[in-house]
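All chains are identified by letter, namely A, B, C and D, in their written order; residue positions are counted from 1 within each chain.
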Amino acid sequence: MSDILLADADALAAQVPDGAKLAVFKAEGGCAAMAATFALIRRGVRDLHLVTVPTSGLQADMLIGAGCVATVETSGVTLGEYGQAPCFGRAVRSGAIRVIDSTCPAVYAGLQAGEKGIPFLPLRGLIGSDIVRHRDDYRVIDNPLAADDPIVALPAIVPDIALFHAPLADRFGNVWIGRHAELKIMAHAARTTLVTCERLHDGNLLQDETLAPATIPEMYIGAVAVAERGAAPYGVTGLYEDDAGRLAAYAGMAKTEEGFAAWLEETVYGRPRIGVRGMAPAVAAE
Amino acid sequence: MSDILLADADALAAQVPDGAKLAVFKAEGGCAAMAATFALIRRGVRDLHLVTVPTSGLQADMLIGAGCVATVETSGVTLGEYGQAPCFGRAVRSGAIRVIDSTCPAVYAGLQAGEKGIPFLPLRGLIGSDIVRHRDDYRVIDNPLAADDPIVALPAIVPDIALFHAPLADRFGNVWIGRHAELKIMAHAARTTLVTCERLHDGNLLQDETLAPATIPEMYIGAVAVAERGAAPYGVTGLYEDDAGRLAAYAGMAKTEEGFAAWLEETVYGRPRIGVRGMAPAVAAE
Amino acid sequence: MAGDYALEELLIATVAGLLEGCGHIAVGVSSPIPGSAALLRRHRDREAGRRTRVSIIGTTIPAYRTDGGVDLFDSAGQGRVDAFFLSGGQIDGRANINLVGVGEGYPQQKVRWSGSFGSAYLYFMVPKVILFRLEHSRRTMVEAVDFVSAPGTSPPNVHRPGGPYALVTDLCLFRFDRRRARFSLASVHPGHTVGEVRDNTGFDFDIPETVPETAPPDAETLAVLRETVAPDIANPYPNFARRVWGARGVSGGVSGAA
Amino acid sequence: MAGDYALEELLIATVAGLLEGCGHIAVGVSSPIPGSAALLRRHRDREAGRRTRVSIIGTTIPAYRTDGGVDLFDSAGQGRVDAFFLSGGQIDGRANINLVGVGEGYPQQKVRWSGSFGSAYLYFMVPKVILFRLEHSRRTMVEAVDFVSAPGTSPPNVHRPGGPYALVTDLCLFRFDRRRARFSLASVHPGHTVGEVRDNTGFDFDIPETVPETAPPDAETLAVLRETVAPDIANPYPNFARRVWGARGVSGGVSGAA
């Protein structure tokens, strides 16, 4: 059963076809699959419909800057304390990408509808927001169980692929996600799920009573590849921290297209294929 | 903060008012709060609206037999391999209780609507079932995002109290539920949650990276009481097994009202208040 | 029972045949024969180099498990469950099933069973639902059920990727034609006759000109059942395994609820 | 800044005053002043024998945490979050907020910000939403926002248990009257004037005849901030704590993302 285990992040990225609806997880907590993102850019993926769950940072910004994205459906793309996401801003302003503005709980609700196999999920709030006004896939309906009670019906989000980084997986393809329960929703909603992990667990995660509750069974997983420091320059809780120098360096360099190209060169193209590890020390900050 | 920690299952049961909408968890996996159920019967609670999540066995059958229940909303009450639930059957046939028939995923979906604070959740299936025909709180609506696509809208289920047994809790009121993720949904949907647990964890469950993912934070918990063997005669995974002799004894005795009264006498009333432990060996099976 | 195999072994082999091509087979509670059939199917597929997943609710074995809770229903909604088993206190000729009760005046019927469980959903969502009922009589196989826990068929505008595929009893195997909403007798178990099936069935069904005998399990199948399936199914169903296969069925398994 | 306290300390104390009576205060990302105010509120309530919960997204401290994911939004939907903070690149006089961009021709506006995050939901569901914006100018306080990420008010038939309660800037404190959909100046921070507020605000608002000065933090409050709040808030915001409170703010906390 270990054909589910791939050699590296590049082998994983090879499984993402051009044009895929790809769901990626927010950067906080270290579950953004950055090594796989570098590999996606190296492989030259095109026309992605990116769904950020519910937001993104460096990951979406780099994919957009590298020309991999046709559409981004998001509640926010930001570098957080390092500032606005420069490639995202440029691409939206120029019309180079289509942006579908959403709001965090609507992204979750859409994925939960996908997870349950229902066509839509109603959600409170939202009414009167310009988000709703610009979304022709939302409907304001009457709550069928009460009088004069409008509510927004959100269509199910069914990504072709969910992509994230996890602290732990096993040889059977089971993936331990720790506190990030939203990754389960992503995996359930998506047609398949690709995962990089820090390391492999000996034995079967589903047979460990303390780890099984936060484990996504292999049934949902298309492929797993080990990528040590695979979230860097973001950190992973309890394992390594955000690389503030690298994140600040990106925020600075990506302000211009030339700077972004230089970043790609040194970070994505200019490295050995399995050289994500140790990247941070090798390239000094700003 | 340890006023959340009560002395025993009887103190916990005292917090369930007559007439409460009480959600209880299925017996499999040992999360049925049996010690607390015995205490509820001792306290003489009345007029419960019992919601079984999604089914129940001995727990619902005893509460019904003891006259604690006005309404039961359920996908099934059964003693499983020990046979039909005798008190449930008698009470439904005689009209002593109101039964609201449901189906497992509809119970979950109703609780998930309660969890999300939405008035209803649509669910596939169900159409054409006599369940729908007899539920005046369900509506078959048109999917607002597609033509000619009927779907059932299920109202949110918001229990006054969720009651279950857990392997572990801590002094702050955080509760570890292991694999039983549905208990989170119950706790989120209910106004408050009462929990018996096998034992107390030293320290704070939320600060343990491997236990936190399956922990319900104290914010959702009204009170916790330690009840060793609190699921007996059901078992708890990894701790103790179903007491087949006691379950078979119940199935036999409860076939008549006299037998059920004798069961109550020896199991519920005839014991010291904190005497749930060791119950099984004290009373021999059939 | 006929010859050198048990009725249970015949039924397991028959059901395993129906499960061909199912990538993920889920089995509910109290279903030792369907569970054994799913394990036999998985074994055969593995021998043929195919990966088949089996989820038996309430057990930690085999490798893929579901807790039978939200996950099971959601994964069926996602189209990730290919086969499931349902039964009924009553089953009628349109494959409607009744798990609630017998008699007029619902809810105060003269017989009350446990309830509909997940049938009203899974019957719609799982492509291949196999009905399984060991008591084949006019009491169970009725013209019209007294309560429709889950309907056998739906109008064309109702989203329904799944539904009934076959009905297996202690007497015979029926196939179900969803378009015509009608059962057809596919085979009669050794030792029984078409007439016996007709006499014990309360609904009309199609009877082809020749009705074959249900194929008995061959020696290889029996060996797999006794050596491989028995110890696995003894985990959730120790009593069943002991009754059908004796000590062999229990020695290899981990008994009880653990 | 005025006298022997920092502007941040004034703002923290002001916001903490607004949070009175909130049993559960949630704080989003990049919100060190609201976070500190919530911790100050919790400290005061604890001294008074009341239990107040604080959830700061992205930190493991204090004791109650949320991951800022589905749980946060669902618990707000359940009515379990009493106070939250929002900001806006633009805020207008009807308390509409804009986190998306500036200019005509959405989506190709001349300035594009990150996006609306959870505002379009939490603004409806949390009873006491405090708007917080440190740059008080005609660029940020506008007559009408260019994109409504979340509206300040809703028609009466829209389910809306929550909404804007106050707006805190570097110049002043506004209260918001939901019925009239209008801000009213509640106090002006020491060192600033009503005229300065008016000159820097692009929307109309009510000005009472006498507008008090925002009360500066007293010695006891400053002591609590410096001894108790500083080390706690240094966990999610080490740079902020270091800037406002120097080494004191960092020594007690656990720095970084762990």
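By definition in this document, contacts are C-beta pairs under 8 Å (C-beta built on N, C-alpha and C of every residue); 3 or more make two chains touch, one makes a residue touch a chain.
All values reported here derive from a predicted model rather than from experimental measurement.
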A-C or B-C - the one linked by more C-beta pairs in contact: B-C
Most widely separated chain from chain A, with each centre as the mean of CA atoms: C
Repeat of interface B-D, chosen from A-D, A-C or B-C - more than half of residue-number contact pairs shared: A-C
CA centroid of chain C to CA centroid of chain D, Å: 59
Averaged-CA centre spacing for the pair chain C and chain B, given as whole angstrom: 29
Chain A and chain B, separation of their C-alpha mean positions in angstrom: 37
Chain centre separation (chain A, chain C; CA means) in Å: 41
Junction residues of chain B - those touching two or more other chains: 112, 116-118, 123-124, 149, 151, 179, 181, 237-238
Shared interface positions of chain D, touching two or more other chains: 77, 125
Overall pattern in which the protein chains touch one another (line/ring/star/complete/other): other
Touching pairs - complete list by chain label: A-B, A-C, A-D, B-C, B-D
Contacting residues of chain B [partner chain A, same complex]: 109, 112, 116-124, 137, 139, 141, 143-146, 149, 151, 153, 155, 177-179, 181, 209-214, 237-238
Chain B contact footprint on chain C (complex, rising order): 29-30, 58, 67-71, 73, 77, 99-101, 106-110, 112-125, 147-151, 154-155, 157-160, 239, 256-258
Sites on chain B touched by chain C in the complex: 28-30, 54-55, 74-78, 80-81, 84-85, 88-89, 92-95, 98-99, 101-106, 108, 112, 123-132, 134, 148-151, 179-182, 185, 235, 237-238, 241-242
Touching residues (chain side chain A, partner chain C) in the complex: 1, 114-118, 172, 188-189, 204, 206-207, 217-220
Chain A-touching residues of chain C, taken from the complex the two chains share: 24, 51, 53, 60, 63-66, 73-80, 125
